[in-house]
Structures are given as C-alpha cells and as structure tokens.
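The letters A, B and C name the chains in turn, as written, and every chain counts its residues from 1.
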Amino acid sequence: MLYFVARRMVSALSVVLVTLIATFALFFVAPTDPAGAICGERNCTQQRYNEIKANLHLDRPKVQQFAEYTAGIFTGRDFTTSGVTQHCAAPCLGFSFKNDRPVTEMLKSRLPVTVSLVAGYAVLVLTIGVFVGSMAAKRRGTLGDRGLMTSTLVVSSVPYYIVALMVALYLTILYPILPRGEWHPPSENIGKWFAGLLTPWLVLGIYSCTSYARYSRGSMVETLSEDYIRTARAKGLSDRVVTYKHALRSGLIPVITIFGLDVATSLGGAIFTEKIFGLPGLGVLVLDSLNSYDLPVIMGTVLVASVILVAMNFLVDISYSLIDPRVRLT
Amino acid sequence: MSTPAPEDRKDSMVESAAGESEATAAAKRGPSVATRERRQGSINPSGETPYLVVEDLAVQFPTADGLVSAVNGLSYSVPLGRTLAIVGESGSGKSVSSMAVMGLHDRKRTRITGSIRLGGDEIVGLPENELMKIRGDAVAMVFQDPQSSLHPLYTVGNQITEAYRVHHKVSKDVAKKRALEMLDLVGIPNPQRRFSQYPHEFSGGMRQRAMIAMGLVNDPKLVIADEPTTALDVTVQAQILDLLNNLQKEFGSAIVLITHDLGVVAEMADDVLVMYAGRCVEYGTAEDVLANPRMPYTWGLLESIPTVSAANERLRPIKGLPPSLLNLPDGCSFNPRCPYKDRVKGERCTTELPELLPVDGAGAHTARCHLHDKATIYAAEVAPRLS
Amino acid sequence: MSDNNTVRKVDSVPSGSTAKDSGAPLLQVRDLKMYFPIKEAAGLGRTKKVVQAVDGVSFELKAGASMGLVGESGCGKSTTGRMITRLLTPTAGEILFKGTNIAHLKERELRPFRRQLQIVFQDPYSSLNPRQTVSNIISTPLRVHNLVKKGKELDRVQELLERVGLNPEHHNRYPNEFSGGQRQRIGIARALAVEPEVIIADEPVSALDVSIQAQVMNLLEDLRRDLGIAFVFIAHDLGVVRHFCDQVAVMYLGKIVEQGSREQIYGAPQHPYTQALLSAAPDLGTIRGVPPKERIRLVGDVPSPIDPPSGCRFRTRCWKAEDICATQEPLLEPKAHSSAGHAAACHFAEPKVDLTAATA
C-alpha cells in the first residue's frame, strides 16, 4: 500500500510535469507573441515592446524561462515592471497579463466553484445513474427497462449545451421553477451555496446520468448472469439482496473505470455549465483568458486541471482496491 | 415447510400453468400415463419412501424460434440417504430439471408444469417468497465450477455465514462458529485463517470444498450437485467424490448428482436416470442401468467411453448429433441415431414415442424403447464389446 | 533448480542428426524448459519470480507414433505442446525436428517447419474465427504455404472437409452454424490442410460430449493410420490417452515423472503419482463387478509452480516420501525392475498392478 502510494505520487508528479512542459512549449515556443499582444497594435514602439519582453523575461533562453517558472511555483519569484518590483508568493504561477493580478489568487477564488460542480456531478452520476441502471438491469426486458433505456438514448443524443441552455432559459428565467445558478462560497452560507449550484448540478448530473445508467445497466446485466449470482439465489437470498449486494459490487467496477476516464470530459462539461449559468469557475476563466492571450492564466488553469485529473484517478484506483480484493495496490 | 394456501397460487404464469395442469390433468392424461405415474412417482427403485418426488415435470422456454421443451414428462424420486445420478449430454435437460427443483428459473421466461414435492409438500407454483425459504435450507445446490460460483469479492467465511444467517436468526459470532465447523468438516485445513480469505486465494479443490461447506451449512435434506467435479483435476475429483459420499453418510441427505461422466456415476450413484432430448430414457438402480442397460442410447454411451481399464479397441461412437429441442424427430427422439431401429417391426420408432416401461414387464427398472428383445440384444451384442 | 543431469534420456538416442535413418525419431525434445517471469510486490520493492511451467522435459516421437502427455492442470503439458509448435519460445532446451533444432529459430527460418508441426486446440468455440467461413479458415494455411494452385483451393477444402467427416457442401458456412464436435473437425481439417507430419492435439476432445468425443477420437485414429501422422496427444483423461497413445509420459509440476509404453504405464505403473492418478480415475469397471484391489487417495492440491517443493516435486502429496525426497531430486531413469523403455523419477519406485478395474 505504501509502495503503491509512493509509486502513484511519482507517476502523478511526472504527469503534471509533462503537462507543464507541454503547455509551456505550446504557448511560449509556438509562434504567438505575448509581448506583442500586451503592447497592442497601434502605439507600440519598439522600445516599449522590448521593455515588455524584458519584464516578462521573454528575452531569456526558453529553458531558463521554464526553470524560472517552475522554481516560482515552489519558492515564489519577483517581477520588476518599469522599476516597480512585485513579489509573487510561493505557489507562483505568474501575473495575469491582462489585469496584473497573481494567477494563483485568481485560481484560488475560482477553484472551489469548479470543484463543487464536479463533485456534485460525481455524486449524482454514481448514485442516481448507477441506481437507475441497476433497476433496469434487474427488470431487463420489461417495458419499464425499455422505456428507461430509450429515454436515456433520446436525452444523450441532444447536445449537452442545448439541454443546459434550454433549462437555464426556460426553467430558471422564463418559468423560474428552479433557482438560478449563482455562486456563494459554502463557508459563507451553505444553504445559498447549495441553492445556487442546484440547477447546474441537476443539468450536468442528470444529463450524464443517462449514459451512466446505460453503462451500469450493461455491466449489471452481465454480472447478473454470473454463476455466483445463481449461487446467491440458491442460498435463498432475496432478489433485492442479490441485486444490490452481490451484483452491484461487481457491476460497479467497470462503471468506475469509465468514470475515471470520464473525469476529463466532465471538466470540459464544466466549462459550458459555468458559462451558461454564470458561475465564476475555472472554465469561464480559461475561456476569458484564451480570448485575451492571457498566457499565465491559461497555463495555471491547465496545470490545476491536470492536478485535479491525477487526483481523481488516484481516488479511482483506491476505490478499485476497496471493491475488489484481488486488485493489489502495486 | 408449509403447503401453500390456494389463494397464493394465482399471480404468476408458472403458477397458473401448474394450476391448469392439476385441474385438467385427469382429462388430458391417457390411462397408460396415469398408471405409469403411479408406478413411477411414489415408488423409488429402492422401494423406500422418497423425500423428493418429481412427477411429470415439464420445463418450457418460450423463445423467438418457438417453444423449447427442455424437459418433458420427467418423473423420479429420491429417498433420504440415497444418491440419484441424472446422466445426459449437454442439452438433455439434466441441469434444467434440477434448476426447476431449486426454483431457480426466471419465472417470466419459463413454464414449469407437473409436480415437485419435497417431503410431501408441493413446490411447483409456490410464490417466490415461499421458495426463498426452501432454497439453501431444505434444498442446497453445489455447482460445477467453484471458481465462478463463489463471489470473488467476498471472503469465503462471509459467504458461508451469509448462507447460514438467511435461514437462521443468529448473531454473526454464532454463524461464524458454524461456518468454521463446516470448513473443518469438509476438510479445509486451518479454518480460522481460511475463513477470512477470498476465493482466489483457494485452490480449485479447496474452493469446491468451501462450496460444499456453504451448501451443507443449513443441513439440507436434499443436495443437488450439478457436475460437482467436472472442473477439477482427477486426483482432486476423487477427494471431492469421497467427501460427498462421507458427508451423505453423516448427514443422511438425499443427493441428486447431475453429470455426464458415467465413471463418476459408477462411483457415486445408487440410482441412475438417463436423459436424452429432455426425456428420461432409462431409469433404475445403478446396477440395472450400468450393468444391465436396456436402451440403445445407454448402450451407445457405454460403448463410446474410453476407460482406463479398457484395451485399445476402436470406440463405437453414437453416430450423428443430438436433435435440436425445437425440432424433435417424430417417434422416439433417439431414432435417427439408433442402430437398432430396423429391428422393430413397422415404423413404430419413427412414428410412436415409446413409453417408459418396466424392462422385465414389472419392477422398477424402466426404459423408453420399442425393442422387445432388449435383454437378448444386450447380452449377445453389446455386453461382449464392453469388456 | 535443476541441473542438466536431472533428465536422462530413456531410449538411447542415435547420435548424429541425420533424420533419414529409418528408426530415427521424427521429433526429439531435449531438456525443454519454459520459465515465465512474474512480478510481485514485496514491501517497497518488487521481486521477480519465475513460474517454472516446464522444467526439463525430454521425449521423442517416431514417425506415425503417438505420444501421450498426461497430467493435471498446471503440470506443463499444454505449455510443452505450445513450445513444440513454437507458439512459445522455450527458455532453454532443444526441439529437434528431423534433426534440426527449431527451438530458437527465427520466424522466417521457422516457416517450413510450421507447416509440418500443426496444433489442434481444446476449445473448438474460441479457436475458430467466427467471422470467417469454413472455406476461408481452411484455405488460409494453403495460401500462406503456397500449397495449391489458384482456383484449385475450393477443391482441396472440400476434399479436406470430406476427409474429416463433414459435408463438403458446407464450406461456405460460418463456425457458429456447426456443433462443438463439428467445429473440432474443422479445426482438424485446418491442421491437415498443410499436410503436417506431426499434430499436437491439445485436449482435443475434452470440451465435447461423450458420444461426440468418441467420433472425434476415431477420426484422429483414422488420420494416424491412413496418413501416417504422428501425434503428441495432450490430455488429462487417462482413459482417452490409454485408448490413443502407444507411448505415455506422465507429467507433474513441469516434469515428466514417469514414461513408458501404454502397457507399462497402465499395467504396472511405478511412480506413486501415476498410481494415484490411475486409482483416482472413476471407472465403470467397479459396477460390473471388477473392483480395483487398492484405492489411493492423494491429499491436497497440486502446489504452485512458482515455488515448487524442493527435491521431488511430488513429495508434499506422496505417502512414500522420506527425508531423501526433500533433498535429492529423483532422476527419470529406468529402475532395476523396469522393462525396456520404462522410466520413473522416484526414489522408491515400485510397480503396482491392479489399480484399474481391468478385466483383461
């Protein structure tokens, strides 16, 4: 177990490092010109251009830039702009080109929004999605099963952003049945936090629940035909115990695998959700900064996203070993 | 176990089918069938009072291609302390019939008619919650492949105590004590440690022992063993067969052993029932069926097995393939493969289904075949080839 | 684990590798080994262990003969078969086919030998590609080895189907349209297509029903008789092996423990394991009034090949085991009382008769 954790840490760090290098390379080595973007097109003198470049350390060798950037994450660094020195504290991801705020600070305020959103999504798909799928599997072939599966197919064939837009428009604005999407930090008012996120959760969660219901149904149908399920029935266990104790535990394994692979997609889904419901999350941040070539912000967001991804996969692996004793954490 | 109240028998297809068969039975059955049942149903080849009585059992599955009659008109009985081996090839209905005794078929996709009585109580048509009380308690099952039949994600101890606690309202500790006792009884060394291990940490033979411990934990009156040793190695198979024999002596339960291996039958069975295409074709004591068989299919089976003690003669396989259950041949189901059908006068083999009749005019050894000089043919032609 | 001396050849092998001498074996296997490495976690590090699936197996096969490899699961019999057909590359040892060592040949050099060494698998359901017609399955090896002229392929396929007892008109069907026994015939036809000299039959009938099993056994016997194909017949069913093989090698945990002719192995087995196997095989003879004289019941299961017992690998289940068995590995060698060609790897080998309910 200890060995497993150590090994996973190493591999997690290397994934983050590779992401770091890749984003760095993409933005700084690729033919974009951040200094030009900041300087603007009209009254950009060569001198001012060079000054900006020097301030951003863009005139230094790429490797050195990368080393400085990485070192900044651990030790912090100082930036000097036009004689004024700004200190950027320890997990330093640089300053935003656009509004000169430290990227770390911007991310800090945005991260809880996205994490709340994704966590709620995970809870919804892994409970409702799996439960609905199991029910359908237990009653496979019946009208209820077919109806359920057809409706999930219908739902998942409509693009997500259309569903989200329609819900936002009709159910929260025109006919305000559901609360509007808003962000309140849970530390301030947990009730408001919940109310503000309810609609985004429901939309993102229920939309994805349909595909999770399908996965779980498939997985459960397979599990229910296993020999050991027959054994469980032969013991005299009730159908309920057989389905939700014996079959579900095995049936969950492939669903969790898919979930692990799906975390990245759900982060992508979070961008739409945040945009549509006006939540100040990472997704919106990255969209905005993409529009304005705000490279430090983009890099910071990508980095944080990769950390989230690695952490989620770590959790998935842990839960594997909890469900299946044959999976030795090695 | 209680007999179901009549109002319980209404709501499912299985039950209505069973009800119908009882109501209209007398009208539908011909007189000869009725006499056969009287002979067959309650009298065991041993003459003892049976615990399990199966009468005129039919199991049908409606499929897209039509109604599949997996079991047809099957009757047998097993007294406590005796072992009945049901022999047949894949698709003969041997497993399907025993699943019916356990009530394990999917009710929505199966029609079960006829009668299955345990200690005198009818179980065909019982509602699911009544059947649940019988399963694992009065009747237990040992399955073929212990690898796939034990839940891979629960400890062996957990699975055995669960089986005990379904039918006994006891604390976990009491159940654990019982489970440890059972593990010890089936010859698993170091039960304390084994109790908390998972099936994948057991060897094949140990898994099957654990499976047997789980089956016997409630001291069942009837044990159905479905190919219990097919997935095991020869030396382990011998151990498990010995174990089943010894446990039967100790527990005195009735055993229904389902197998395709006539060698296993010879080692285990008191009575033997041979099935072909969903029907019983020969039934009698093990000595009757194996040493004095009276049905060409049984002859064919015996002639086609290479045994460890046989010399290197050419095997005499049964020609052709078993028929599709969707499209059974007219007359005797075995007729397309039977080398003796020319010896029956007329077209009887291809037009008339032979009845299961006593081979010597009376007695408990029955066979389903139109040949009338079976004993002579066996003695003159088949027996010499077998030794 | 084993030094090179542990396995001695039973028959003296003619020196030189000219296979054309009459009487020279078609196939010689010498000290064949297959170790599979596995990784296991141990504390903070990992230990590498090996599964000694096959550990020093030697035997030979004459043209047209049939050699039976018997044993329980994990004894290495199938691995041996796969090495001989070079589906696996042995860790060590020699496979001499007509005098050429094919054990470590490269794929290109191996090709002519592949044609002559064919394998028939156990499971006729999973070993045929469900998306190819029977004709396709059988003619692929014909094309790969350039054995028939273009346009004549179908004739050859139909000829082969007829040979294995299938309707030649069914060449356009798919495997799922056939029963288990028929599929096994297709598998045999595929092996026959390239006119092999040796067929490795890996449990060819154990997935089949009794009545069908006999049909396939008879087919294999016809092929051996009519086409002079030699067989390495791998099975766990002692009855089937007795029926089909003139030479028998009994394997246990990667080693041959006893080797000899059919009569020697079944009539007077010397190794305790062989005796236990024979005694454990359920036999119809009992019901016909010829019970065997003695019943031997082994305790426990086969130990793991990852960490096999020291000395004699069978000692943990053997009723004859003494101290020497743990320290000194018994050699596979003829014993004082052996008849020619009979060898057993046991310190306390002695023949036992009447273990089966034989009437003859």
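Please note the rule applied: a contact is a pair of C-beta atoms (placed from the backbone, for glycine too) under 8 Å apart; a residue touches a chain by one contact, two chains touch by 3 or more.
This is a predicted model, so every value here is computed, not measured.
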Determine, using the mean of C-alpha atoms as each chain's centre, which chain is farthest from subunit C. A
Comparing the two chain pairs, does A-B have more C-beta contacts than B-C, or is it the other way round? B-C
As a quick test, compute the distance in whole Å between the mean CA positions of subunit A and subunit B. 56
Distance between the CA centroids of subunit B and subunit C (whole Å) is 34
Contact footprint of subunit B on subunit C as seen in their complex: 72-73, 179, 181-182, 209-215, 217-218, 221, 236-240, 242-244, 262, 266, 276-290, 297-302, 356-360
Which of the residues in subunit A come into contact with subunit B in the complex? 141, 226-228, 230-239, 246, 249-250, 323-326
So in the complex, the part of subunit B that touches subunit A is made up of which residues? 102, 104, 108, 128-129, 132-137, 140-141, 143, 145, 148-154, 162-163, 166-167, 198, 200, 211, 214
Can you list the residues on subunit B that touch subunit C in the complex? 89-90, 203-206, 233-239, 241-242, 260-264, 266-267, 286-287, 290-291, 300-312, 314-319, 321-322, 386-387
